[in-house]
Structures are given as C-alpha cells and as structure tokens.
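Read from first to last, the chains carry the letters A, B, C and D; within each, the first residue is number 1.
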Amino acid sequence: MAANISVRVLAFARVRELLGCAEWTLQLPPGATVADAWEALAERAEPLRALASSTRLAQNGRIVDGGAPLHDGDEVALLPPVGGG
Amino acid sequence: MAANISVRVLAFARVRELLGCAEWTLQLPPGATVADAWEALAERAEPLRALASSTRLAQNGRIVDGGAPLHDGDEVALLPPVGGG
Amino acid sequence: MVEITESALDLATLIAAVAGNDAGAVVTFQGVVRERSDDDRPVLGLSYEAYPAMALPEMRNICREAEAAFPGIRIALAHRVGELALGEASVAIAVAAPHRRSAFDACAYVIDELKKRVPIWKEERYVGGDVAWRENPAGENMPQRA
Amino acid sequence: MVEITESALDLATLIAAVAGNDAGAVVTFQGVVRERSDDDRPVLGLSYEAYPAMALPEMRNICREAEAAFPGIRIALAHRVGELALGEASVAIAVAAPHRRSAFDACAYVIDELKKRVPIWKEERYVGGDVAWRENPAGENMPQRA
C-alpha cells in the first residue's frame, strides 16, 4: 500500500474563521482529490458544509474543480467570495 | 448726434498673433454691433478675414452672434478654436 | 476648487480638496506634454494661453453640470498656462465620489467638455524651432460660425 | 509595478512608476474607506486579507490583459492589506497612456477585474463593535461552484 500524501490547506476570511485555523496539514491517501481535502476539513468542522456552494478551491494557485487529483506537497486554498478593491 | 462708444477687444492665440496686439480699444458709432467691431479690426489687418469662419465672438464673457448690439465699456473677445486640456 | 495657474500643477492638492469620508472612490486625470505631437512631430514643449474671465466661469459650469449629473461627487480642476516642458501636466482633475463608476464618468465628462468649450489655446514648439497653434479635434471643439 | 502591502499606499509612487514622455494622459483610481457601508451602516474601519501567492499573479494577469487591449499604456497597481482607517486607500491604480480614452478605459478595467477575480477579502468594523466579511456584489465576483 502506497504512502499517504501530505497536503497544505490554506483557509481565508470567513472560512478561516469558521475553521479556527488559517493553515492545515492533511495526510490523505494516494489518489485523493481536492474534494477529499475539503471533506476531511468538513468532518472536523461540520458548519463548513454551509459554505460549500460559495467557496472556490484552488490547487497550487489555480482554481480547480473538486475532482482534481492531489499530489504530495500540493497547496490547496479555500477561497470565499472576494471583497477586494 | 450721440457720442461714440468705446469697446475693448481682446484677441487670443493665432488671432492675437495675426493682429500683432492682444488688446484693442475701439471707438464705434452708437448702434454698432459685435460684427462691426470685427470689421473695424479686419480693415486694419485684412488677413484676419481668413479666420472669420473659425473665430467665435464673445461679448462680456458670453458667446454671441455678430448681430449683438454693443454698449459703451463692453469687452469683446475673438476666440479661435480652443486647444486646452 | 477651480483654477488657472502659471505654477506647476500639484495633484495632491487637488485630491485633498475633494477628499472626505463619504467618498469611496477618487479618480484623477492629468493631461501631460508628450514628446510627439498628434501628427507625430518631435515636440520640445508647449505654451498655453487662456482667457480667464471666460475660462474660469466655463470651468465652473462644467463642474456644476457633472455634480448635477452624478450626485454626491466633488470635483477639483486646474489648468496650467505659460510654458510647459515635456512630462509636465497641463490640466489636472480630481473627482471624489461615493462609488467608482460616477467618479470615472464625471472625470471623463470634465476633460471632454473642457476640451470643447473652455477658451484656452495651445502652441506647440518643435525640434528645429517651428511653432504652431494646435486646435482640439473638430468633434472636441465648439461649433464655429457658419 | 504590482504589489500587496501593509503600508499606506502612495499615489505619487505609482504615478512615477508609469510616467514617461510618451504619455499624454495619466488616470488614477483610489478606492477609499467610506464612513458608511453599502447597506448604510456606520463604519469604523476595514481590514483586508489576501492570498498573495495567487493574488499577485492575478493582478499581473489583469494588467497584462489591459496592456494588450490598450497598446502603449503602462499600469501600476497596489492593494493594501491589514487594518485601514476611514479615508485611507485600499487600492490604488495609475495608468499612463498616449491618449486619455485608453487611460480611463484601462483604469476602469483593472479595478473592475480586480474586484471580480483577485483573492482579497474585506472585513468591515462597525460602530458598536460588530464585524462582517463583505463580498463584492455577485456581478463583480467569480462564478461560484454549482
């Protein structure tokens, strides 16, 4: 059985506040997707699910769908609707 | 016979250069119009006629037609097409 | 704040004149002396001449029109006269507005109307010594006499 | 020049970064902290948070798109993060262009796209102590997940 992969997850703004932490390190099984990373956090903080439809996911600085496969060392970002300007 | 009226005429930009003077004092007969002031200057400097169609006339700071009647002490300005900004 | 001045224009002064805690957006415009004329001749500098007794009221009219069209905005407008070198600003506008769309639109309105209506004239000096009075394009100039 | 900074934004620095004798027009935009929120609550201040590793490339993308759409322009763009007081600028843009229309249009493009696409978030602090994360309007935000 292959070793787990390690993924860094960054949470911003209201997602960060809801999770109580800005930066997570998750151990996920090989073949895990971005959606699996989201699910791992939602299991730790169920209220996160209410933000699922409004939160975009980025992998290594690019917006991706939940189905995108993860690799060891990837950076996943949870991006609520933006408010800059 | 009524006394002449005295009118101050200001010339700007290419009109000023053509006339060789920025500020004229004209003595005109009572009942003279803005067009008469123009004509008085054109008689002193015939090349001014070439600028007739492109020069606007102002009386006391307002754009007027040549037919506007003049009064003693009026200020007439000869305004070539503008180039500000 | 509306002025015609022989001094270098200071954008910070114009911005300070319109700033306020009710403004969410500040847009500025500066017209600057370019090294090439519109017909691509190399320019050494410009000189501007104004008829202030008519130009200042017309500049104020333009600001009032914009303030009426875009409620809640404030405008500062200054035009320089005399000799200008390359890179110097000939006109500067600052607009503060509750929201950005009205700040952009009002600022563009002011410069567009100034170029059409305000009695200010520009003479370009070229490399080689030529000079020429330059008019704003016909679409940006007042209708002339028939 | 594209940056995200905790320091107060300095418009003069941005203008200097884009200035040049080929520019006939310089347009700037500043977004400023207003005393009223969009839903008319009294605001004490704002705080901005960014994801710089993604925000800076996206800000550069936006500038490149504008430079491609409006040839000959130069753009400087800075966004502030951290705590801001009333009247302070959260974002500042300077655009130098050969002619004014492209300077206005490019500047408006940059702020419009920044508000839609750049991962920066705003929290408002209200009189009374409440705070709230404020999103840009839906039309100015990226499409969300279905």
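The rule is simple: a contact is a pair of C-beta atoms (placed from the backbone, for glycine too) under 8 Å apart; a residue touches a chain by one contact, two chains touch by 3 or more.
As the structure is a prediction and not an experimental result, all values here were calculated from the model.
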Chain D and chain B - chains in contact with each: C
Inter-centroid spacing, chain C versus chain A (mean Cα positions, whole Å): 51
Intercentroid distance (Cα basis), chain C paired with chain B, Å: 27
Distance from the mean Cα position of chain B to that of chain A, given in whole angstrom: 77
Distance between chain centroids, defined by C-alpha means - chain C, chain D (Å): 25
Numbers and ranges of chain B residues touching at least 2 other chains: none
Multi-partner residues of chain D (at least 2 other chains): 31, 111
Every chain pair in contact, whichever chains are involved: A-D, B-C, C-D
Residue ranges of chain B touching chain C (in the complex, touch as defined): 10, 12-14, 16-17, 52-58, 61-63, 66, 75, 77, 79-85
List of chain C residues in touch with chain D within their complex: 11-12, 15, 19-36, 86-87, 89, 96, 98, 100, 103-104, 107-108, 111
Contact footprint of chain B on chain C as seen in their complex: 31, 48-51, 53-55, 57, 79, 90-91, 111, 114-123, 133-136, 141-142, 144-146
